[in-house]
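Next, two complexes with chain A in common: one pairs it with chain B, the other with chain C.
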Partner chain A sequence: MRNVKIRNWVIGAGTPVLLLAAWWFLSANSTDPFFPPLQTILVRFQELWLFEHFQSDVLLSLGNLFVGFAIAAVAGIGLGFATALLPPVRWMIDPLIHFLRGIPPVALVPIFISLIGFGTQMRVTSIALAALFPTMIATVDGIRSVSNDLMDVARVYRLSRKERVLNVLLPAAMPQIFSGLQVSLQVAFIVMIASEMLGSSQGIGAMTLLAQQSFMTADMWAGILLLGVIGFLVNILFSLLKRKVLSWYIGSRRMARAA
Partner chain B sequence: MKASIRPYAFSALGIAGALVIWQVLATAKVAGNALPPATTVFSTLTSTLGTGTFWSALGATIGIALLALALAALAGVAIGLLVGSFESVRYATLAVLEFLKPVPPIVVLPLAVLVLGPTAEMSLFLVVFGCLLPIVMQTVDGVQGTDPVARDTARSYGMREGEILARVVLPSAMPYIGTAMRVAAPAALVVTVVAGLLGGGPGLGQSIYQAQAAGDYASLYALVIVLGVLGLLFQGATRLAERRVLHWHESYREVVP
Partner chain C sequence: MSARQAPTLPIRNRKSTMAQQPETRISATTPRLDVAHLAKTYGSGEKSHTVIEDLTFTVDAGEVVCIVGPSGVGKTTLLKCLAGLHPASSGRASIDGRTISGPPPEMALVFQDYNRSLMPWLTVRKNLILPLRHLKLPAAELKERCDSALAAVGLSHADNQYPWQLSGGMQQRVAIARALAYRPEILIMDEPFASVDAQTRFDLEDLCLKIRKDFNMTILVVTHDIDEAVYLADRVVVLGSRPARVLKVVDVDLPAPRDQITTRSLPDFARQRTEVLSLIKRPA
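Here is the complex of A and B:
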């Protein structure tokens, strides 16, 4: 049994290393214009992102991502609560929300460009609006699935409306809200890249696409690598946060399963 | 007013209100020419629906999305069965899959455009790239979730491994695959549009890019509305298909009181 575990560990850690090594050696003397040597890519990666364009482009992109996502999170949860708790509001905006959700988020970027221009404002607005819907819809679903027993208990204890919303509904809907937030974060990341690729000159996405259009292949690979790492890290960080905030929920689920 | 029609009345009110606000803002020229009035957009929409270029773009978008979805489903289920069936393969692929999972296809778009050019193949590649991993992951979960008793029963009835895979493991993984497909279908449409918009692949994404570049804002809005409707249709169709295909499974069976 122990041996199997060790073997699995070795396979799990070894394969990525093996793949990277294969990439390194197979591309070492590559003259293919599309697939430059990994060494060249890493050198360009270091030259570009550490730290010449770090502040002007990397931080700019990440800042837009963060601000846009934060706006979407707050507005999404707020609107979700408003729609779930006030039926007339829900009836009124439900069809609109569903229609807007059907539109691919990236397709909204050209509209924002025509309305606001190419600046940072446009990018943050695009990110915020596109990332709003997953959180909002998850919040509504989360509140609707709160058990009636829980609400009855809250009423029996004569909790005020504010207490019921903040101390009962919000925690009970939290797991679903966090699932929505995670989807929102992915959407925000996609729209961040798209908003930079459509006619902007700053940001990681813009630099990567520009490098491709001017056939600076190693620069393009460096951009793709950076975007991939950011996508991965942002997701990991969010998962850690989620695990921390929802530790009570994860614990209670484990108890329920063990019982 | 009866309670049963009240929601619909409010919905109609909401839609009408949004259209009126749009019309008023546009006629007041708050955003200059960039926000055309709703009436202009809808008349542009009607005239666009009469052109052949629109229908060929629509056909290209739907065709690419569906073809790529089918390819991703076939490859994804096959890879998922492989990864889920062998522990060593699962461990070998774990790190790679976990790294690639949160990486959206838009990240590799520059590479795809560089190698394949602004073609339908490029769009196909990106959509398959985007849809494959979720399907693989869900299939692996489905294989893992197979009831071991059912598996052992099949084995004691003398079924061969291939037969067990086809008759026991695959059916029990079906709901997982169904969930993955429901998520993947709208995503396929989105990625097709992105590939057209940013990479120049054929379809509605390209039309949107051209409308924006030409400053033809009425067409831009009309096309986005078409995409919204198309997105809803895709979501509805996949939900319907999922229920049709999986009607036999416990989690989809309708409760008879």
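Here is the complex of A and C:
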């Protein structure tokens, strides 16, 4: 058991290291302008992001991502509850959801650009609006799948409406809400980059696109590398949060499988 | 352990929302729970489906009454009407003469499926506390209620575990403890021991009788197990099916205290279970 764990961990960590090493050696003598040596990319990576543009661009992008995602999460869960629990809201919002969920979020960016202008506001708004729907839809589904038995318990024991929402429905729907949040996070990340590429001169996305347009391929690669690292770290953070909030769910699932 | 605490347990300690109805006049003969010509029909017109046609029976204070009948007879529907979860289509169910129109404050319900009636995200103790939060009890009383309820079902050691970490029988005991901590006067159980193993089932049946004795509760148990009904009950309400109606109310005259071995081997036990069984087996 323990050996298997260690082996899996070695494979998991070893594969990226091997791939990086392969990249390093295969590209070492590259003269192709589109595929500069990894060493050059890493040097530029350090020069660009650690720490010349760290504050002006990296923190800016991350801030937008965080604020946009936070708004999307709160609004998505709130609207999800309203949609699931209040029939008039459901009638209003249901058709809208089905229309909007078919549009790729990136396709909305041009609209936001023309509506709100090119500032930070536009970026946060487009991140929040695009990332809102996965969470909202998952919340609605989650609430609808809460078992009737659980709600009967809540009624028999005369829980108040507030208690039923906060102490029964919200935790019961939380596993599905978290799947929605996971998708929302990915969408937020994509829209963050897209909004910077389409309408900005600041941020990691803007820097990366600018580098490409100026034939500074090493800089472009460095930007993509940074986006990869950020995406990886953000996902780890999210998984840690999920493991904390849903520990009961993960535990009960493991127990059910073992039985 | 709870026998020691039992006499001091305050049972009537809840603000009753039904007590002010003026129509009430409780006489000595008013049964605790009165079901009179209760009927439940789902849907309307040609698609309507009558589950319960005309049910009449009573449960007196401190009594254990079992409802038996073939599966699919509408026992769960009946309980949902009694618990105020579903409105009756006609007739009425009342507690101390007051018609049940919503979940009554003096009633607790133990559901058939412990798996889906406990909150899996709460520990055992927090499951017990959840229904008590809106009573705004002092912390000491809250703790005392949970402690004594857990002690009564023999789960004092498990209060920090999650329900899914426990066996089926233990989970059902948690559900019973939750009902006990709520301090109901009337406890209703819907096939509470249907999905536990035989040994656990005997233990839980005896727990049920102990609760009645220690907490002086009125208990209504729905079951499809005739032996269990005869063993537990002072009276057995035998239902006939489709739509449900009362075939007969059988008075069980077995001596107390009941014991799994001696009671079940009494000739009277065999006679009464045969009586109930033949009522159910008889073509309607």
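Going forward, the second predicted complex is superposed on the first by the 244 of 259 C-alpha atoms of A that agree within 3 Å, B and C clash if a C-alpha of one lies under 4 Å from a C-alpha of the other, contacts with A are read in each partner's own complex, and residues count from 1 in each chain.
FYI, contacts are C-beta pairs under 8 Å (C-beta built on N, C-alpha and C of every residue); 3 or more make two chains touch, one makes a residue touch a chain.
Note that the structure is a prediction, hence the values are computed from the model and not measured.
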{"item": "Joint occupancy of chain A by chain B and chain C, clash or fit", "value": "fit"}
{"item": "More chain A residues in contact [chain B versus chain C]", "value": "B"}
{"item": "Which superposed partner A:Gln212 touches (first chain B, second chain C, both, neither)", "value": "first"}
{"item": "Touching partner for A:Ile224 - first (chain B), second (chain C), both, neither", "value": "first"}
{"item": "Touched partner set for A:Pro171, first chain B, second chain C, both or neither", "value": "second"}
{"item": "First, second, both or neither for A:Ile6, with chain B first and chain C second", "value": "neither"}
{"item": "First (chain B), second (chain C), both or neither touched by A:Met92", "value": "first"}
{"item": "Which of chain B and chain C A:Ala107 touches, first, second, both or neither", "value": "first"}
{"item": "Lowest inter-chain C-alpha distance for chain C and chain B in the superposed arrangement, angstrom", "value": "13"}
{"item": "Where chain A meets both chain C and chain B, residue numbers", "value": "none"}
{"item": "Touching residues (chain side chain C, partner chain A) in the complex", "value": "80, 83-85, 103, 105, 107-109, 111, 113, 116-117, 119-121, 130-131, 133-134, 162, 164-165, 178, 182"}
{"item": "Interface residues, chain A side, partner chain B - complex", "value": "4, 7-9, 11-16, 19, 34, 87-88, 91-96, 98-111, 113-115, 186, 189-190, 193-194, 197-198, 208-209, 211-212, 215, 217, 220-221, 223-224, 227-228, 231-232, 234-235"}
{"item": "Chain C partner contacts - residues on chain A that touch it in the complex", "value": "147, 149-150, 152-153, 155-160, 163, 167-168, 171-172, 174, 248-249, 251-252, 255-256"}
{"item": "In the complex, chain B residues that touch chain A", "value": "6-11, 13-15, 17-18, 31, 34-35, 87-88, 91-96, 99-104, 106-111, 113-115, 186, 189-190, 193-194, 197-198, 205, 208-209, 211-212, 215, 217, 220-221, 223-224, 227-232, 234-235"}
